[in-house]
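Labels run A, B, C and D following the written order; every chain starts at residue 1.
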Amino acid sequence: MTHKPDIIRIAQAIFTVSDLNASREFYVDLLGMNVLHEENNALYLRGVEDREWTLKLEQCGEGETPRVRHLGYRVRDEAALDALVGLADEQKLPHRWEEELDRPRMLRMQDPFGIPVVFYHDVKTHPWLLQEYHQHRGPGLQRVDHCNVRVPDVKATLDWYCAELGFRVSEYTVDEQGGYWAAWIQRRGGVHDFALTNGAGPCLHHWAYWMPDAMSIIKTCDILAGARMPERIERGPGRHGVSNAFFLYIRDPDGHRIELYTSDYITVDPDFEPIRWLRDDPRRQTLWGAKTPRSWFEEASPMEAFGGGIQEAKEGPLTGIPVHVI
Amino acid sequence: MTHKPDIIRIAQAIFTVSDLNASREFYVDLLGMNVLHEENNALYLRGVEDREWTLKLEQCGEGETPRVRHLGYRVRDEAALDALVGLADEQKLPHRWEEELDRPRMLRMQDPFGIPVVFYHDVKTHPWLLQEYHQHRGPGLQRVDHCNVRVPDVKATLDWYCAELGFRVSEYTVDEQGGYWAAWIQRRGGVHDFALTNGAGPCLHHWAYWMPDAMSIIKTCDILAGARMPERIERGPGRHGVSNAFFLYIRDPDGHRIELYTSDYITVDPDFEPIRWLRDDPRRQTLWGAKTPRSWFEEASPMEAFGGGIQEAKEGPLTGIPVHVI
Amino acid sequence: MTHKPDIIRIAQAIFTVSDLNASREFYVDLLGMNVLHEENNALYLRGVEDREWTLKLEQCGEGETPRVRHLGYRVRDEAALDALVGLADEQKLPHRWEEELDRPRMLRMQDPFGIPVVFYHDVKTHPWLLQEYHQHRGPGLQRVDHCNVRVPDVKATLDWYCAELGFRVSEYTVDEQGGYWAAWIQRRGGVHDFALTNGAGPCLHHWAYWMPDAMSIIKTCDILAGARMPERIERGPGRHGVSNAFFLYIRDPDGHRIELYTSDYITVDPDFEPIRWLRDDPRRQTLWGAKTPRSWFEEASPMEAFGGGIQEAKEGPLTGIPVHVI
Amino acid sequence: MTHKPDIIRIAQAIFTVSDLNASREFYVDLLGMNVLHEENNALYLRGVEDREWTLKLEQCGEGETPRVRHLGYRVRDEAALDALVGLADEQKLPHRWEEELDRPRMLRMQDPFGIPVVFYHDVKTHPWLLQEYHQHRGPGLQRVDHCNVRVPDVKATLDWYCAELGFRVSEYTVDEQGGYWAAWIQRRGGVHDFALTNGAGPCLHHWAYWMPDAMSIIKTCDILAGARMPERIERGPGRHGVSNAFFLYIRDPDGHRIELYTSDYITVDPDFEPIRWLRDDPRRQTLWGAKTPRSWFEEASPMEAFGGGIQEAKEGPLTGIPVHVI
């Protein structure tokens, strides 16, 4: 393979949910996400800057465990898809062509770590809502920002994404022995399209939207509190040491974790030096020193295996969690 | 009369409007005001902190000019109403008893300057929406803050309100000859319940709501722009030199002017010294030096005369407008 | 006594500190408080809206425990001071006249619960810094807002302040047996000048400043984190259920607790009904459901006894702390 | 030439100023820019996220007109510089090698339109101040965002930058006859690194910094007003229709115009369709409909010619200015 496939950015995810009405209340009525399209068993959602759907919610079958069906990246052109097929063939990665609403040609692949990813170039876009401020509701989620996956071997995973897909590291965390405990990698010139966190996996740790400012994140807390759902607020608001972002983590009715995120920095310079953090530096998780709830480390969404069913979550060599936990 | 009537605060206004549906779109759909009660020809609105309606909109009759039917103050007790009747009798001010939704006993009076005011103590309150954040819409108007009336003789008007109703001056503006050009007077311990501006009158210059913060005021601009109604934004956002408030002036479909206002200061100290401004100090109108549109000085809402019809607007001795105008 | 003494508002406090330089770094360099006057062993500080000093820091003697020397209220006139002397005489409360910078005549009294309070009317004020924005530093503390004292008998304390000093209750908390666990009482028309929390006392729980907006509170967290002092941030930022305020609790180098506070509501109506909360309602402490660190309940500043030395902190009948604690 | 030179982003500018002390007061004391290095006749400034200096101010000689000495772009590698030399040779563009603090090898070129630009790859970076929040002063300018140059032929200029340097158009404005009146072009994946505005030129219209949020822009207005310099505020704050950014334009003591800018959108998608505006659409300049001061169209900073002296500003074929002007 002569060229790396040119990945543009993280672009979409599909979650299955146990009660689509409950999910609608959470994502649409409270978070104010915008319904681009609706079917009997599915909602296609987007933020106000998104020109395409960025989160699809599917009603899962009776007794099925809610899961992440895939994470999706936009690529530069069809040649990038060809290169990805070449990579999949070469590395014997399971793959197939799929289609979805507005995306007639998506390459689904299971990466070497079991993460279900799709890649697409062709997409039908829609007028955005960015300047339709009178139609914004709730806190006004703006655009998809990144995904974070819990994996048993952070180093191996990030190495593969950097070597094969051209990702670049913006920040990373090591434990006392120098083992990679987390990493933030990017294609788009921001802090990350994709983050990796140590733990049993692959599981989706969270799916993140960019917010217009910190106050819109605070408004989200107020809205969830007003709706008598303070338990949906898991962590934050706060300032991450990593990424410098102002953040909030919330949990949807099935426990899928959503991060609302704003105010990071740019990483376009070719000699940008990745920022290194020690796992137990109190300023790393929250610059302000706030501790993290244990659930944030212990809970994550299962991912769909290529052949169907749930991908088994495997433990890796690094154990334990950071010390600043409650 | 031995005691001054104990006025608590500015509390309500009634506007007549030429098209109640257009007004509803403006106040409810765009500004997000909350409908407390609705009748065939009227809407009773409130902010999220208001425990009672604070703005009533009435459909006016065919060919009638939209107007302000009255401005209303809450008083401490029934004794205050008795004192007000005593004052009206003594000064031969037209007055009568009226009732309104949730307010069974309101004293309507025409003050010596022709301003239609009502006073009430007894009111049925309702649970507020302050912490029902999931129900807040638009920029989230919080509570009635003050009214501003254009009058031909600012000094005489403020003197009467201070002498007879116990108002206190927080700030005032004089022209080069020392003539009173504007004044801000209060009962509640903030900057003002009532402001007076020089010009033909009595006319309502504006009716103001307190906003949770400056960003909610900026959001209002975005919402009106999104709805393709930028012409509803007349002045601001900006910081007043007077009052130090962050402000925005918008015009409803009939031209009634609404101020959205936040972040002033407290005036409870007994020796608070009124702040004096020169009319043409560039920092007075807008601390940032921005000029004021001419319409802001020249347009205002007519007020209802005691016997019905419109109160004639009379010119006073001070003419001209401030120099920082566009 | 025929008239209650007319208390205007909470106005000042004096803290002793073990290292005035460390305190200066915290209050002046990081919080950006403004030095109104400085002496060899003392700093007189104020917020940008304060026209007088509102917090005095005194270097305490070798081996002395840092403490609160007094909490001070402004009263309407000298007659109010006379009335307070009458009250002190009648109830045999220790009292004496003192003077301080800009305040030549302060009545110091030990209230029936051992809290050292001073009252004054005469004060020399100074031009404020409210519109001297180019001189604001750090997060821009605006004005003194309230104090909170931990006492063993909340009900008895609030009853005395209401009956003798004319305070009014805005909110209160009861435990499952209906015992008063906390109360917020006011003179100024806001949520509180004075709050009472159950526990060993009297001890100062916290001293609070009003902030211009929520973002200035978030900025405080960033500043303390930047200075590598995240441990000074004890609780928050968050939204209180009680008071609806956006808050942050920080600890000075001696552990004195400062609250930064914004966005509550007005309470001037004569029939304002106090809001009742259950102690263990998760939305009470933090509307968003966040738990409170144990230190927030267990630590407080000792208060000076009338004759000198530290007032002994006594336990009361209600034991335990709220369940939402970490 | 087989490859286009890989431009990363706009990176720096050099202004000459008539009084370095007055400029220091403006940029350092009021705007809070950070001094990275200082010499007798020059200040090297940066925002808190900048890892290198991004604005150099040089004292100009007696009687010299303050000007823009150059605008600078960072390129990916030395090969990009070689390609630029090839382009300059091929198109006979004046060019030479220069060096500056921390940048030993800069290629200075005069583009075909007379704009003085430099390109560099090698740079010594410095630890940023992004998380040193306790050291942030004033409104906290974050990082260089873009430059805007007034040129007599917008279309020709943008075509050259797109064809030769690989810029992409994010938005553009046409007049009623379809003539290009303005354009926003980018390399970095945001709205713009470089904007072009119709008028006599080449002249620098403005140099822009990214701000952390809208409130920091409002704070800038307050600071300039506090310092009794409201006349330094030329336009805004407001929301641009173009770019959707929240903006403020201020003028330094020599009239160089600085934009403070936040909250635009991302443009990384390969099929991003440029947004087209009509010149006289009232929502284009300010989404809220606010008019623009005439000075904003008529005043701009001269640029240095390659051989020294001032580049003559030439008029182009499109005349007039937008109608929404005051």
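Methods note: a residue touches a chain if its C-beta (ideal position, glycine included) is under 8 Å from a C-beta of that chain, and two chains touch if they have at least 3 such contacts.
Values in this document were obtained by computation on a predicted structure and should not be read as measured data.
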item: Smallest number of contact steps required from chain B to reach chain C; value: 1
item: Farthest chain (mean CA position) relative to chain C; value: D
item: Contact-richer chain pair [B-D vs C-D]; value: B-D
item: Centre-to-centre distance between chain D and chain A (centres being mean Cα positions), rounded to whole Å; value: 34
item: Approximate Å spacing (C-alpha centroids) for the pair chain B, chain D; value: 44
item: Inter-chain centre distance, chain C versus chain D - centres from mean C-alpha coordinates, in Å; value: 49
item: In chain D, residues with contacts to at least two other chains; value: 131, 213-215, 222, 224-225, 287
item: Chain D-touching residues of chain B, taken from the complex the two chains share; value: 214-215, 218, 221-222, 224-225, 228, 230-231, 233, 237-239, 246, 282-283, 286-291, 326
item: Chain C residues within the chain B interface of the complex; value: 8-9, 49, 51, 74, 76-77, 121, 125, 130-131, 143, 188-189, 212-214, 241, 244, 263, 265-266, 268-271, 287
item: Chain C - residues contacting chain D, complex; value: 29-30, 131-137, 213, 215, 219, 222-227
